[in-house]
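In what follows, structures are represented as structure tokens.
What follows is chain A paired twice: with chain B in the first complex and chain C in the second.
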Partner chain A sequence: MEKEKKSWPPYAPGTHVKESDIREKKLTYTWWEPEVQYSWSLGHAMSKFIQGLKTGKIYGIHCKRCKRVIVPPRMFCEYCFGPTDEWVELKDTGVIETFSISYLDPDARRIEEPILVGVVSIDGASPKHGFMHYFGEMTKDEIKIGMKVKAVWKPENEREGSITDIKYFKPLKGGDD
Partner chain B sequence: MGFLEKQTDPTTPMHWRGDMQADYFYPSGIAGDKFFRHIMENDTFLATKCSKCNKVLFPPRLYCEDCFEEIQEMDWIEVPSTGTVKLYTVVTINAHGKKLEKPRVIAFIDIDKTNGALLGVIRTNDFNKDFLGTKVKAIFKQKGNREGTLKDILYWE
Partner chain C sequence: MKEVAVIGAGMTLFRRHLKETGKELSFMATKMAMEDAGIQKDDIDMVVMGSAPDAFDGIHMKGENLIDGSAATGKPYVRVFNGGGTGVFAPIAGWWHVASGVADVCLVVAEEKMGNVYPHPQTAFRHIWDPVLDRPLNPNLVWLFAMEMNRYMTVHNIKKEDIALVAVKNKRNAVGHPCAQLADPNITVDDVLNSEIMAWPVQRLDVSPPSDGAAALIFCNKDIVHKFTDDPIYVAGTGWSIDSTMWTNRDLYFPRYVAQAAKMAYKKAGIINPPKEIDFAEPYDPFDYKELHHMEGLLLCKKGEAPILTREGVTQRDGDMPICPSGGLLGVGNPIAATMGQKVCELYWQLAGKAGKRQIPGDPRVGVGQAWGDIMQMATVMVLRRG
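Right after this comes the complex of A and B.
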């Protein structure tokens, strides 16, 4: 490129840095990995939900005034602002409400095989009540909104009280339930 | 009863703990690269001298921050790795607030023959001493072990 003579700001050529330049140490750099930890207080409702997952159960909570079963559970109903009333054990099946075919992994790296993620409405809860999860045992061409799905759980000894105690949701075929 | 249910099990309320990955990558840039490659091979520093205002920029830069004059190849000069303590502080805890085994003296060192300065650690056992104005010299890692970062300067004394 023709060097442009300017009085201000002075011309400085741009330098493109490739990942290989870093790997091959072609340039000097500083790399720092800070130790950043967080601790999120789950509260009563989410604690019960998470511990339910550990035992292979999905808990919802019932608001008697709004006649609503909420999942993930909350200690108050955001419709009537009243306290929620009763714990309800829900089925581990549901319906795909929305989904995404993602070519990025959770660290935003590009991937060849897409991961399928989306929101599942859980059976037993009020309509459109559910949470996000992965979908598996189906291809990106097979997945569709309204599909019946069933949770695939981790083996009981591997569960640690996390939403990932459910590995993914697989298509629910007749007789599976 | 959900909300009004009495909590009797202290293990029930949980915390979700996690790590946040927030890596920090800072390339030295064109001038910085030259500077760090120089200290990998030498025990001296490089600086750049502005041809217009004669200010000696340290750490070296590609343009003068005062008069915006561009630095040419011939404006690069070698300066000694010695300096004078302008400011210092005695640090007793690390970045996470944990107590250090031994305090560290962190100083702002005015580099000789330049208008710039560097932060560095002074090696000492006397933490009550007044370091202001002390002449210090950079002690580098052994040649061959240097990686081209400021950590190649082990300490100052």
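Right after this comes the complex of A and C.
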């Protein structure tokens, strides 16, 4: 019953189609453009967080059992699986944990001026607790992991209750704190 | 629990666009696996389908859409899905169908059509980001990898040259793979380092391509494996683990969830010293640094040591610990769930001595495959062993 040990896969079934075949309609295909919108309730924890941003404040939340100050906040702690405790107003400063210099837009189109983006851990929260955001007032050669940064807020009348109520994080200089 | 053997595997061509529909690709991969195992549709008790986000195909509930091409009509059938982890999670689900004694023969099919979505497959990835925290920032999926890669490089002081060696190795390894999309026998480290910067530190040749493709795998109960082969390959261990979706609340330099999944699989396999007891590995390599990150997560070396082993040639096909002898995702392609073809089918082909030009020299007896997915949180691990 020993089968012949030929090399596998023995062949590669499938028919390669080039992008140009589609553009030039050499491929028989059909097309559909869905139109759909969504509305999401932000829930208990994120509603408070986002409303806080509108007033220029970053809120975390305390889990007393885990001795953890959590940001972004949630109404429960995924470690001890109990409800979280009281709200904590955090600073609007922090540290760059990691970053990227992006030449891609969301559809992978190339852009000229790179976006500086990364994770900021927020001062006053537990270590490594933060969120993703943009960086500004620094060049791609200046940005580095470990850099201290401070939020640059939109003017109050332009804030709409969004993570983008913070425009970006800039380098923290003496006196900014 | 029942012992579970692998008796057949199949895989289609991987390309950015294929003419075939998802059903047709599933049919072709399944037919090849049935040919390998020497079985017919009626011999299959149950079917598992692995396929990643519906947003790529653009067909909601595509598990149902794919049934006819998966030899599943009239049979118990389930689709499993955990993003990029699916390529190894689908075979894990196939294994538990047989290990539990519920099925004697279980077919696993993994399918992906990423080329359907416009303007780019990355457009579909917009839908996986958190709608409150992330989407207003207009993220691109590559950002995630770039941020993780930068953290990993910075913590361990790793040079991009050493990471580029992974892309070179895998694209060269893929030369022996008939399905390969990006095999390149002449690629050099300089080619990788000089390729377009997408989202620094990620450059174009650090990245695997989006692909269409399918793969299939057939498991059977050890009690009947003598009907199909005298030289069976067995599932020695499986493991899976997921971390919090709050990826900005942990240090990205080490994938602790991969280590959790690996420990689970090694415990079942009786593996105490992974680097000594495992002969080769297929860690998930959608980006070149991910192979290194996952070697460390799979406990095949110490933290920060994977780039050194790579530089020393240990991970080459003829090295002491061949890594991604298939050519991986970087060389063969990345139709998300269908990467089962490199991550588990390849283990079987290597252990059965059927890998042809890709065959690892020596006498490999134990291999580990792994996939990774969701928002940097899911790990799936399978260990195969020659009987």
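Assume the second predicted complex is superposed on the first by the 141 of 177 C-alpha atoms of A that agree within 3 Å, B and C clash if a C-alpha of one lies under 4 Å from a C-alpha of the other, contacts with A are read in each partner's own complex, and residues count from 1 in each chain.
Throughout what follows, contacts are C-beta pairs under 8 Å (C-beta built on N, C-alpha and C of every residue); 3 or more make two chains touch, one makes a residue touch a chain.
Computed from a predicted model, the values in this text were never measured in an experiment.
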item: First (chain B), second (chain C), both or neither touched by A:S102; value: second
item: First, second, both or neither for A:Q51, with chain B first and chain C second; value: first
item: Which of chain B and chain C A:I61 touches, first, second, both or neither; value: first
item: Contacts of A:L42 with chain B and chain C, given as first, second, both or neither; value: both
item: Partner chain in contact with A:G118 - chain B first, chain C second, else both or neither; value: second
item: Which partner reaches more residues of chain A (counting touched residues only), chain B or chain C; value: C
item: Chain B versus chain C as contact partner of A:M75, first or second or both or neither; value: first
item: Which superposed partner A:D85 touches (first chain B, second chain C, both, neither); value: first
item: First (chain B), second (chain C), both or neither touched by A:T30; value: first
item: Touching partner for A:W153 - first (chain B), second (chain C), both, neither; value: neither
item: On chain A, the residue positions that both chain B and chain C contact, one per complex; value: 7-12, 15, 17, 22, 27, 32, 34, 38, 40, 42, 46, 50, 107
item: Residues of chain A that touch chain B when the two form their complex; value: 7-12, 15, 17, 22, 25, 27-48, 50-51, 61-62, 73, 75-76, 83-87, 107, 161
item: For the chain A and chain C complex, residues of the former touching the latter; value: 1-3, 5-19, 21-22, 27, 32, 34, 38, 40, 42, 46, 50, 70, 72, 74, 78, 97-109, 114, 117-119, 128-134, 140, 145, 162-164
item: Parts of chain C lying in touch with chain A, wherever the complex brings them together; value: 9-20, 25, 28-29, 32, 36, 38, 58, 115, 119-120, 122-123, 126, 131-134, 136-140, 142-143, 146-148, 150-151, 154, 178-179, 196-202, 212-213, 228-231, 244, 246, 248-252, 349, 352-357
item: Chain B residues within the chain A interface of the complex; value: 1-4, 7, 12-30, 32-33, 36-37, 62-63, 68-70, 96, 148-150
